[in-house]
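The letters A, B, C and D name the chains in turn, as written, and every chain counts its residues from 1.
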Amino acid sequence: MHRRDLFKQGLAAGAGALATYSFMRPQPAQAQSRSNTVKPGQFWPDGIRMPMSLSLMFETGAQPATGAPTPFGNFTPPPGIYDLPTITWYRYGYTEGVPRILDVLDKYKIKITSHMSGRTVEMYPDRAREIVQRGHEAAAHGWNWDNEFNMSYEQEKAFIQRNVDMILKVTGQRAVGYNAPGLRGSVNVLNVLNDLGFVYHIDDVSRDEPFIVKLLNGKTIVVVPYAVYMNDIRAYEARFFSSEQYLIELKNSFDRLYEESAYRRRMMAVTMHDRLQRPEHVQTFNEFLEYVIQKPGVTFMKKIDIANFANNDPNTIRENIADVYPNVPNFEKKTS
Amino acid sequence: MHRRDLFKQGLAAGAGALATYSFMRPQPAQAQSRSNTVKPGQFWPDGIRMPMSLSLMFETGAQPATGAPTPFGNFTPPPGIYDLPTITWYRYGYTEGVPRILDVLDKYKIKITSHMSGRTVEMYPDRAREIVQRGHEAAAHGWNWDNEFNMSYEQEKAFIQRNVDMILKVTGQRAVGYNAPGLRGSVNVLNVLNDLGFVYHIDDVSRDEPFIVKLLNGKTIVVVPYAVYMNDIRAYEARFFSSEQYLIELKNSFDRLYEESAYRRRMMAVTMHDRLQRPEHVQTFNEFLEYVIQKPGVTFMKKIDIANFANNDPNTIRENIADVYPNVPNFEKKTS
Amino acid sequence: MHRRDLFKQGLAAGAGALATYSFMRPQPAQAQSRSNTVKPGQFWPDGIRMPMSLSLMFETGAQPATGAPTPFGNFTPPPGIYDLPTITWYRYGYTEGVPRILDVLDKYKIKITSHMSGRTVEMYPDRAREIVQRGHEAAAHGWNWDNEFNMSYEQEKAFIQRNVDMILKVTGQRAVGYNAPGLRGSVNVLNVLNDLGFVYHIDDVSRDEPFIVKLLNGKTIVVVPYAVYMNDIRAYEARFFSSEQYLIELKNSFDRLYEESAYRRRMMAVTMHDRLQRPEHVQTFNEFLEYVIQKPGVTFMKKIDIANFANNDPNTIRENIADVYPNVPNFEKKTS
Amino acid sequence: MHRRDLFKQGLAAGAGALATYSFMRPQPAQAQSRSNTVKPGQFWPDGIRMPMSLSLMFETGAQPATGAPTPFGNFTPPPGIYDLPTITWYRYGYTEGVPRILDVLDKYKIKITSHMSGRTVEMYPDRAREIVQRGHEAAAHGWNWDNEFNMSYEQEKAFIQRNVDMILKVTGQRAVGYNAPGLRGSVNVLNVLNDLGFVYHIDDVSRDEPFIVKLLNGKTIVVVPYAVYMNDIRAYEARFFSSEQYLIELKNSFDRLYEESAYRRRMMAVTMHDRLQRPEHVQTFNEFLEYVIQKPGVTFMKKIDIANFANNDPNTIRENIADVYPNVPNFEKKTS
């Protein structure tokens, strides 16, 4: 089914679904006139209006031994010199960051997905186990921060397999969701993930809802989309947002998606990094959670649950890999 | 007529025009004493006090296949490597961004100008047609993001002609307004545009009102000015504004121009990019629209309508190209 | 007199001066016990509690013909290519920026100092004359944006002399205050300025009050200090402040200096650039002026008036050039 | 004792300690069930709920003679050229910055730790003495801003010894706390500090409480942690925060740590730099002090007092150097 057809259906379905929620707002005339073939309640299961999906990157120690990105701007040592304060900055994720955010998640009974670097799980098995034991999904994040984008097929497969094996050994959970380091797998990554039995990946920011990618070999993988703007590493480290600015940005993003969720399938993804679960950030993130948790129809879902639902729902958008990555010769366009 | 003379007239005219609007504020003594040769109502037609001019850049897929600007800071692959998540980031403009903002514009019955890259129209003809069918102006934006500034005359002409042809073929509309990639045409660009029958271009930020540029060959082209500070790609991507900060900036800019529009010809230009029509941005931009739409005398105009009005109005500022681009040998100064 | 001695006196004097103003706040115990040799009223003349000093950089067209700093981030052409939109960005200072801010200054009857590049005055003599005719001080800013810091003594002297001559020819005013391009004169700059009869320069941010520098040849020059943080080119262009953030910063700076002005000589300097007098910036700057203008004892002074007062006041801080620029061999330390 | 064991104890102790403070908030279920072996009152001495630790970097003139970081973005001269305005920018720390913040600290009777560069103390002995005479701790900060991270053992020892000697000679106080330039000592730094009799260092951001590092030779040194996000040089200079944004960030950080201090040992560190004690920053920092000083159980402590308490308390976290700096071959992991 084509995306635009689904879009029309979704809008009409939303008109019907509105009765379920306290939210009500006049829609544009054009939206009202679209045909109504998706039934109310089909956007998400169990009466959910819109799911939130949080992920926690657990990657302390996965950074390069020297030359890693650092928050200490001046006097930056050249690669080859051990940068002691920066090492302790990364380590904060293990010592303070993960325990702090896990306590907050427990307070609200929120279950999330944690993408774990293999090397991190090896270094800190107790913390990896704690994440899983407190009810969260263990997903994969590559062995460490090596550049995955220029690996050969076999190198990339080994890089991810080693990650999966370590998570399984330490936590007892088999990861079926993937996030490449810096989101950047090679052009083979979806085939590799398929070979390794992954159900979904998140390294695609092209939509605000899950969708299915059809590979050239006829198999499929689900995208549970990342939202690079709703990501503390970008907000705090790359864009210099204060915690307060990020809080407002999160609320604005939520408000819009929540409005749209009345007539379309929408989800909101927020990404957290272990070392940034600092006092000021968790203080404001806590406020965001308080804001959304009271909204009718909002539920927190693990990514695997979103992926499984999308995979089994006939209304989920399906796309050829050549359409998702246009202008990439490796995915030379097939007629669809 | 010289700009300064017009300025004097404008101020006096504004004093008369004040009675038409609820807005009233004491003007500086000097302003009050200026001569009154421009009649009230001559700044804009149809009782308009100040027009707003929005543009939507539709350019998904026009970026280079590798090495394009990316919001994913770390692990950036070198040119030559396909950067998969960044490709999906651009694609968001097509999948989510344009539909979202078109719905908002419909809600307020606002018509705008969309600058379309030729390659984008070729890749996504349905979306290009949708923009035009929903009532907006199709304008040109170059074939793709190739550097236009160092093309030869013939190369540049072909680069723009191909863009115009594709828009015409797909949407049925002939573009007569131009915006070069990154605003940067070559020193020949105004002559090329003139040759190709363009009425206006927007790659000039030197004024807050339209004006006419006299070329060396005696012909003219209208400038409908760009406002680089009121531009989401600059605000969000380059300056790290949050959506809330940008909203306040937009309101402050509007307030000042609206005040000045009581005694001078003023307009406000705001530029939007397809891939940045994200939930948090559209949420705050929607609030800006709510803010301005209720102000007496504010109307949204397509750029072609502004250009045509300016072209036919004797009070429009006229300038020699040598004055617009001082110190550029190609436009060696003629006596004016 | 040594700075620290004056500091002690200033604090005590402030205790006495408090009665003159509505402002009152407990001072630290140590401050109260300092000796009282500066009489109330000696900080500034004419009952002034604290002067504000605004400067307007008029420098349209003084930038390099190619390769100048640009607000248009992507597609930046290499030096040698004429960057048309950037040229129009600079030109905004002449067409819109200066007229806009002059109107605001007139509204509040504020007189300021305008640092004018020589080339700019040559290109736009009418605007330079207008600035002076509306009551403002014409000061020097170098001929253009050439690097002054590595000129020879004679080159630097000619570079500044040409600037002074052009201002005098066009406006009839002889500049006696200097601001080097980017604040950066060579190590000879103070001697050159002394040779050329300058009374003061502003390229020193080491104090929040004027002071006198003793040169090695026994002559002196006054510093009317710059405040790089209270400068729109830094706030908007380099630090990405929104207009609203800068407004709050200005108010916070004012509030602290105003408090301190009860017991010390304080001044507040704010720098504006022609091309940044955009609608949103002037809107918020106008609000700042409204905020300060109602405070008891606040007056706007031209820099030349501040310099003359400081030069003639025995309580003005005096420093050896070797102390102002420590660790610079050219000013080898003399015993003081 | 292992960190996680202490963590469990801390949470339980916090449950008991809650009665001492007005603050009360439901804890997560998991936290409530942890064993209770730390007694109420053991987190900090003297009924303190949470200490604040401020540090003031006194480093005017310690920067390189040419090529030092500068707030003046354009026209930056190459190394080898003396950059006069930048020299005056650093000098502000001595002339205005330190006196201003010392007055504020006196007003609130707050005692802090000042990390002093040796060269600065040599250049400005009166100011160094004033800091100590007004009751603050003199700590070390290296001789100047030379790169410490690639010095040999003997070079680094001499670099620090010279710093200690100068502080002792000028102020009469022997520094026992260390902060390397840019936080970056060599891999030998902890042994060097141990050799020189230092009690603590601050160049570790891995925790929000003090802890003890066990060196390979069996000796120990205390970490009184730095908080790079609560640091004006980072907030204002590197991240472009306005003073107001930083104020909100400080309050958010405080609020979270204060909440956590009900059941764990927590401290809040804030770092100030001499040259950034500008009017707008001190104005907002003053507001932060007003905010925290009224909270029950909050006390300002010098770092040496925190270090001594931590050193003598059996509940202080103890870690092997190999765990603090994982993946650094110099600290090859020993069994613990």
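Please note the rule applied: a residue touches a chain if its C-beta (ideal position, glycine included) is under 8 Å from a C-beta of that chain, and two chains touch if they have at least 3 such contacts.
Worth saying up front: this structure is predicted, and the values here are computed from it rather than measured.
K.L.:
According to the touch definition, list the chains common to the neighbour sets of chain C and chain D.
P.N.:
Intersection of chain C and chain D contact lists gives nothing.
K.L.:
Mind checking chain A against chain D and telling me if their interface is mostly the same residue numbers on each side, over half, or mostly different?
P.N.:
different
K.L.:
Which angle of rotation, from 0 to 180°, maps the CA atoms of chain A onto the equivalent atoms of chain B, to the nearest 5?
P.N.:
90
K.L.:
Just the number, please: Cα centre separation of chain A and chain D in whole Å.
P.N.:
35
K.L.:
Roughly how many whole angstrom separate the Cα centroids of chain B and chain D?
P.N.:
Here the centre of chain D sits 50 Å away from the centre of chain B.
K.L.:
Spell out, as numbers or ranges, the residues of chain D touching 2 or more other chains.
P.N.:
Residues 240, 245 of chain D touch two or more partner chains.
K.L.:
Every pair of chains that touch: which are they?
P.N.:
A-B, A-D, B-C, C-D
K.L.:
Across the complex, what residues on chain C touch chain B?
P.N.:
Listed in rising order, the residues of chain C that touch chain B are 61, 65, 71-77, 81-85, 87-89, 91-92, 95-96, 99-100, 103-104, 106-107, 123, 126, 134, 240, 242-245, 278-280, 282-284.
K.L.:
What residues of chain D sit close enough to touch chain A in their complex?
P.N.:
For chain D paired with chain A, touching residues are 3-4, 7, 26-31, 69, 145, 147, 149-150, 181-185, 187, 189, 203-208, 226, 228-229, 234, 238-241, 245-246, 248-250, 252-257, 260, 268, 324-328, 330.
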